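Have a look at the structure below, then the notes.
Chain nomenclature is as follows: A, B, C and D, assigned in order of appearance, with residue numbering initiated at 1 for each chain independently.
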Amino acid sequence: MKLDNADLELLLLIRHFERALLELFEAGQLNGTTHTCLGQEYIPVALRTLLAEEDYVFSNHRGHGHYLARFGEPHGLLAEIMGREGAVCHGVGGSQHILRDRYLSTGVQGESMPVAVGAALHLKRTGSTGLAAVFVGDGTWGEGSVYEALNMAALWQVPLLVLVENNGIAQSTPTTTQLAGSIADRAAAFGVRHHLVRFQDLDEIRTVLGPSIARVREAGEPLVVEFLTSRVGPHSKGDDTRPAEEVERAAARDWYRRYAAAIPDRFGACDKRQRELVEQIVHEVASRPLSTWDERCLSPNA
Amino acid sequence: MKLDNADLELLLLIRHFERALLELFEAGQLNGTTHTCLGQEYIPVALRTLLAEEDYVFSNHRGHGHYLARFGEPHGLLAEIMGREGAVCHGVGGSQHILRDRYLSTGVQGESMPVAVGAALHLKRTGSTGLAAVFVGDGTWGEGSVYEALNMAALWQVPLLVLVENNGIAQSTPTTTQLAGSIADRAAAFGVRHHLVRFQDLDEIRTVLGPSIARVREAGEPLVVEFLTSRVGPHSKGDDTRPAEEVERAAARDWYRRYAAAIPDRFGACDKRQRELVEQIVHEVASRPLSTWDERCLSPNA
Amino acid sequence: MPVTERVVENLNHALHGLFERDGSVYLLGEDIKDPYGGAFKVTRGLSERYGDRVLATPLSEGGIVGVAAGLALTGDKAIVEIMFGDFIALAFDQILNFASKSVSMYGRRVPLRLVVRCPTGGNRGYGPTHSQSPQKHFVGIPGLSLYELSPFHENDAVLERMFRSAEPCVLFEDKVLYTRRMYRDGVVDDLFRFDYADPDREFARVHIGDPDDADVVLIAPGGLVDRALAAMRGLLLDQEITCQLVVPSRLYPFDPDPLLPMLAAAGRVCVIEESTAGGTWGSEIAQAVHSRLWGKLAAPVRLVHSADSVIPSAAHLERDVLVQSDTIYHAVQEMFVG
Amino acid sequence: MPVTERVVENLNHALHGLFERDGSVYLLGEDIKDPYGGAFKVTRGLSERYGDRVLATPLSEGGIVGVAAGLALTGDKAIVEIMFGDFIALAFDQILNFASKSVSMYGRRVPLRLVVRCPTGGNRGYGPTHSQSPQKHFVGIPGLSLYELSPFHENDAVLERMFRSAEPCVLFEDKVLYTRRMYRDGVVDDLFRFDYADPDREFARVHIGDPDDADVVLIAPGGLVDRALAAMRGLLLDQEITCQLVVPSRLYPFDPDPLLPMLAAAGRVCVIEESTAGGTWGSEIAQAVHSRLWGKLAAPVRLVHSADSVIPSAAHLERDVLVQSDTIYHAVQEMFVG
C-alpha cells in the first residue's frame, strides 16, 4: 500500500486529537461544544499538498482536521479549545472560530461562502495564483448564502474552490431528507464544474483533483469538489441517534480500520506514537495558565 | 388569428392601465413609484384560465397585470395606487403591497418564495387541489431565499408553481451579468421540473402548460415555468437606460404591435374601448375622497 | 417543597397540549424530530405523535420562517424552532419585512399566528456565534411581540396568549433555564416568595415578606432569575438591602403602568438583561419609567447588562463578559452609595 | 449665500476622491454602474472611471455584504450600497455574526474596512418595505459603528474616518437629504447659524445668536435637519422658544460628554429621529443623558419619532405616520407646558 509517512502521521495525529477531545469532554474537563471530524480526516490530509500558503482557507464547525492539516501544529488549537495560554485565538473563538494567517473558521453555516468569494475576488484582482477554498457540509447546502455566492463566483470567474464533505447527514438529519436533487446539479445550475470523489485513497484524490484545482488557479474558474464520506463519530458529543447498523456502516468505511488491516506494523507503530504524542500535548497544555485576551477586544467599537 | 375576445379585452385593459399610470406620474399626480408590466401582459392573461380561485397567487413589484388578470377589476387597484376611497388595501400598500383574498404581493424580492411553499404545504395537508403560484423575475434568482424555498418544495413535494418572467433584465442590469448558468438548470438542481415558454400565443401557452400545471395539483409536484419575455417600458418610471436599439428590439416583440397588425379592425375597436374605459376609471377614481385605514393598524402589537 | 417539573418539560408539555388540542398547529425546525428531539430536547415526542405536522427542515433559517409565515397566512398556526437564537439573524428580513408587516400593511388587520422560538444566552461555552441574546434587535417592530421563557410563567398560557394575539411573536428561551425547575405555589426558596403584580399574571413578583416594602425593584426577564435571586440574597444578608424582583412574560410591548406604584414606592429601579451593552431592551424600559415617574425616583434607572463585547468561548473569559450574580450585586450596591 | 453642492454630489465626490486616492477601494451593489449610477445616483461616474473595482451585483444583499467582508479581510476597503435600506435586513446575519464579530472574536483586533451604505427613510411614497429607518436594529452590535449622512458633515472626512476605524460601519442616508444642499461657512439661513460643538466636528450645532443660550437642545441625525429647522423657526417666532440643534455624524457609539454642559444649561433635551416607535436610538441617548445629568434636567428627555406603525404608501397616510416638522413643534411646545 502506497501511503506517505507524513500523511499517515497527520491522519493519526488528527484522529487522536479528536479522540482526546471527546475524552476530555467526557471527563468534564472541557465545556462548550466540539465537532470532531472522525472518519473524515483523510480529506484535509489529501488536500494538504494541493493547497498553497497563499490560499485562503475557510473552515467550518468541523474544522480541527482542516486546521491540523494546514499547520501541523496541535498545541495552539488545543490551547484554544481548553482556553489556555498559547491559544491561537486566546480562547475567545474556541473550537469553531479560528483565525490564523489565511485560515478562518466560524460557526454560522454558509456564512463563509460569500466571504470566500470576496477573498477569491481579491486574489484575482491582485494577479495572485492563490485560491479561496471553503469547506462546507452537505447540510449547509440548505442555506441561501451558498447560492448567492456560487452565482457571483461564476459570474465573476473567481478562483473559488468549494470543498463539500458530504457525510450523508446534518446533525441528526439524513441528507436524503434535507437535500433535494444533488450537489452535482446544484453546481451545474451555475455553470460551475463539479467533481465527485468517492474514494479515500490520498494519492488517487490528489491525482484526480490536481489538474482541476490548477485550473481554478490559472483560469480563475470556480470548482466544487464533493467528497462522499462518513461521519464515524457523533455530531458533537454523545448526540449520535443513528441506528447502530448505520453507525457500523459508517465505521466500516473508516480509513483507520482499513489502514490498520492493510499495513498493520507500520500503522500500529505510528498509531502508538501519535496517540502518545497527543497524550503528552494534552498533558502539557492542560497545565498551562488560563488564556488572556487583547483588551482592545472589549468595547471593540473604535 | 385565434384570440378570444375576453383575452384581448384583458390584455388591453392592462396595457392602458399601465400607460395611464405612467402618464399620471408624468403629470405629477402620483407619488412613490410603480413598475408597469408593459410587454409582459400576456403572461398573467394566458395563466388566467389555468389558475383557480382556490389557488394562492404571490405577486411581486411588477404585479398590476397579475392582479387585473385575476380580478378583472381595476378600480380598487387604481384607488390603491392613488390613495383613494375603495382602495383594495386602503392606500397603505400602494402599488406593490396588495392583499386580496388569496392574492398577495410584496416589495422585497424573493421573500415570497418560502411563503408560497408554506401556502402550498397547507394546501397539500388539507387535501385541496389548489396550488401556490409565485411570480418572480429573472433577477430575483440572485436571492438565496429562492433556493431555500425550492429545496423545501422539492423535498416535501408541495404544489408550488414558480412563474418566472424572464425579461432579460433586472432594473438596469442585463440577465447575462447577474445570472450564471440558467434557470432551467437551477430548477433541475433541485429535481424540479422546468418549462421554457418562448412564445406569446395565449392558446399555445395554455395548451402546453395545461397538463404540467395539472400535475402540480394532482401529484403535488413543484414546477418552474420560465417565460422568455420583454420589458417594453422602463423599470419603474423614466429610468430606462438601455440603448435605443435594445428598447426597440424589446418593442418589436410586443404583442401589442403584432396584434394590431394581425387583426387591425377588431384590435383597433377594442383598443379604443379599453383606452376610454381606463380614462373614465382614472377620472372617476381621481375624484374620490382620500382613503382611510383601519385604526387598529396603528400600534399593531396586540 | 415538592419537586416541580423542569422548565424544558413545562415547555414540552405545553407544546404537546397545543398539538393535541389544535389540529392546525405546525412545528418547523432543524433536527426537531425524534429520537433527536431538537438540540435542546424541547420538541421531544412531538414528531412521533404528530409526525405530519412536525417538519424537520434543511438548514434554512430564513426560508423556514417564510414557510411558517405562509402557513400562518392560510389560517394555520406555526411554530419555528431556531436551533441557536443567534441564527435568527438569517430570518431578520422574513420577520421584519414580511411576517410583522403583513399584520397591518394591507390596511386592515391580517391575523398571522406565528411563534419563532429562539434559544438564547451564554454561560455555556458555546462561543461568540452561539451565545447571544438578540432580543434588543427585535424591539420596536410594529406587529411583532417579544416574550421570554420564565420559571414563573406557565408555557401553555404563554403559547395560548401569543396565538390569541394573532400576530407574529418571538419567544426567547435562555438556555440555562431549560434544566431549572418551575416555581409554583408562591414559593421560591427558604427566603423568597412570589406572586403576580397583576391579575393577568403578566408580571411575576418575587419578594421577601411585604411585597410593598423594597429598597429597590429589579426588573429582569426569565433567563436572569437565578442570577438575580442570588444577588438579592447577598444584598439582603450582607448589605441589608431589600430587593423586589419583577419578571415580565412579555418583553415588548412593555406596559409599565401596573408597576408604577411599586417603582415609585421603592424609588430605585434596576433593569437586568444578558444582552451586551448598547441599545438594550433595558434602555427602552428605562425611558418609559423615567418619563412616567419623573421627579419620583431617587436615582436614574440603572441598567445591568453584559459587557460591550463578543462572548468568548473559554469559561473564564465568558464569565467576565456576561452578567453574573455578582455583576447585579455590585450594580445594586452602587445605587445606594453614589 | 453662494449655492453649495447638493448632499448627493458631496457624497459622490467623496467616493470619487476615495477611488482616486486609494487603489484598494471596491464598491458593490445593485445597479450601481453607469449610465444608471445607482437607484439614487450616488455612484454616478464611478464605474466609468474605476470599472474594475465597481461591481454591479445580482440581487443578493446578504451575499454582497459577505463578499465585501471577504475583500475587507484581505486588506481591501469595501463599500456596499444596499439599494433601499429596508433590504439590509437580508444582510443582518453577515453584519452581526460575521463582519462585526470578526473584529474581535479571534481574540485580537482584526482590521475590517467595510462600509455598508443604506438609503433610508420615507416621505416619498415608496411604501412599507421601501421607507424604513432601520438604525435602531443595529445599535449595540460590538464592533459595528453607525453613521448618518448630514448636510453639515463633509463626506470625504466621514468616509476617511470610517475606514480609519478599521471596523465595519453602516452609513445611513436619509433619501430626502440627497437633493438638499450642504451647509457651509457657518450659515444655515437668514435666522440660524452653525458651528461644531467639538474640535473633531463630530457634533454640528445650529443656533441663533449665542450658542450657549437655548431653552431646549434638540438632538437629531442628518435626515431630520430640515424638519427640525422648520420647527425651530416656528417655535422661535410663535412661541419664543429658543432651540439649539445638535447633529451628530456618528450615531453609535454615541459619547454625550462634549454636549453635557449645553444640555445641562438648557435643562431640556429632545431627541428626534424618523424611526417608528419602540427601542429607538433616542432611548439609548436618553439613557446616557439621564444617568449623566441626573438632577440637572427640568424634564425627562423627550423622544420624538414616528408612530408605532408600518409606513403607508399614500402620501396623506404616510405623512401622519412619519415625524414631520409639526410633530417636532408640538412635542417641544409640550415640554414647556407640562
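Methods note: a contact is a pair of C-beta atoms (placed from the backbone, for glycine too) under 8 Å apart; a residue touches a chain by one contact, two chains touch by 3 or more.
All values derive from a computational prediction rather than experimental measurement.
Common partners of chain B and chain C, by the touch rule above, are A, D.
The greatest centre-to-centre distance from chain D, using averaged C-alpha positions, is reached by A.
Separating the CA-averaged centres of chain C and chain D is a span of 31 Å.
Chain B and chain D have Cα centroids lying 36 Å from one another. Work out the mean CA point of chain A and of chain D, and you get 42 Å between them. Between chain A and chain B, the centres computed from C-alpha atoms are 45 Å apart.
Each of the following residues of chain D touches two or more other chains: 57-58, 60, 62-63, 86-87, 90, 93, 97, 101, 104-105, 107, 127-129, 142-143, 252-253, 277, 308-310, 312. Listed for chain B are residues 87, 90-93, 97, 106, 108, 141-145, 148, 151, 155, 177-179, 291, 293, 297, 299-301, each touching two or more other chains. If you sketch which chains touch which, every chain touches every other chain without exception. Residues 56, 87, 89-93, 97-99, 104, 106, 108, 111-123, 125, 132, 144-145, 148-149, 151-152, 155-156, 291, 293-294, 296-297, 299-302 of chain B are the ones touching chain C in the complex.
Residues 86-87, 89-90, 92-93, 96-97, 101, 104-105, 107, 127-129, 134, 136-143, 252-253, 275-284, 286-287, 290-291, 294, 299-303, 308-310, 312 of chain C are the ones that touch chain D when the two sit in their complex. The touching residues of chain A, counted against chain B in their complex, run 141-148, 150-151, 154-155, 177-182, 185-186, 188-192. Chain B contributes residues 31-33, 82-83, 87, 90-97, 106-110, 139-144, 170-173, 177-179, 239, 241, 290-291, 293, 297-301 to its touches with chain D in the complex.
Residue ranges of chain D in contact with chain B, taken from their complex: 30-31, 33, 35-36, 39, 56-63, 86-87, 90, 124-130, 277, 307-310, 312-317, 321.
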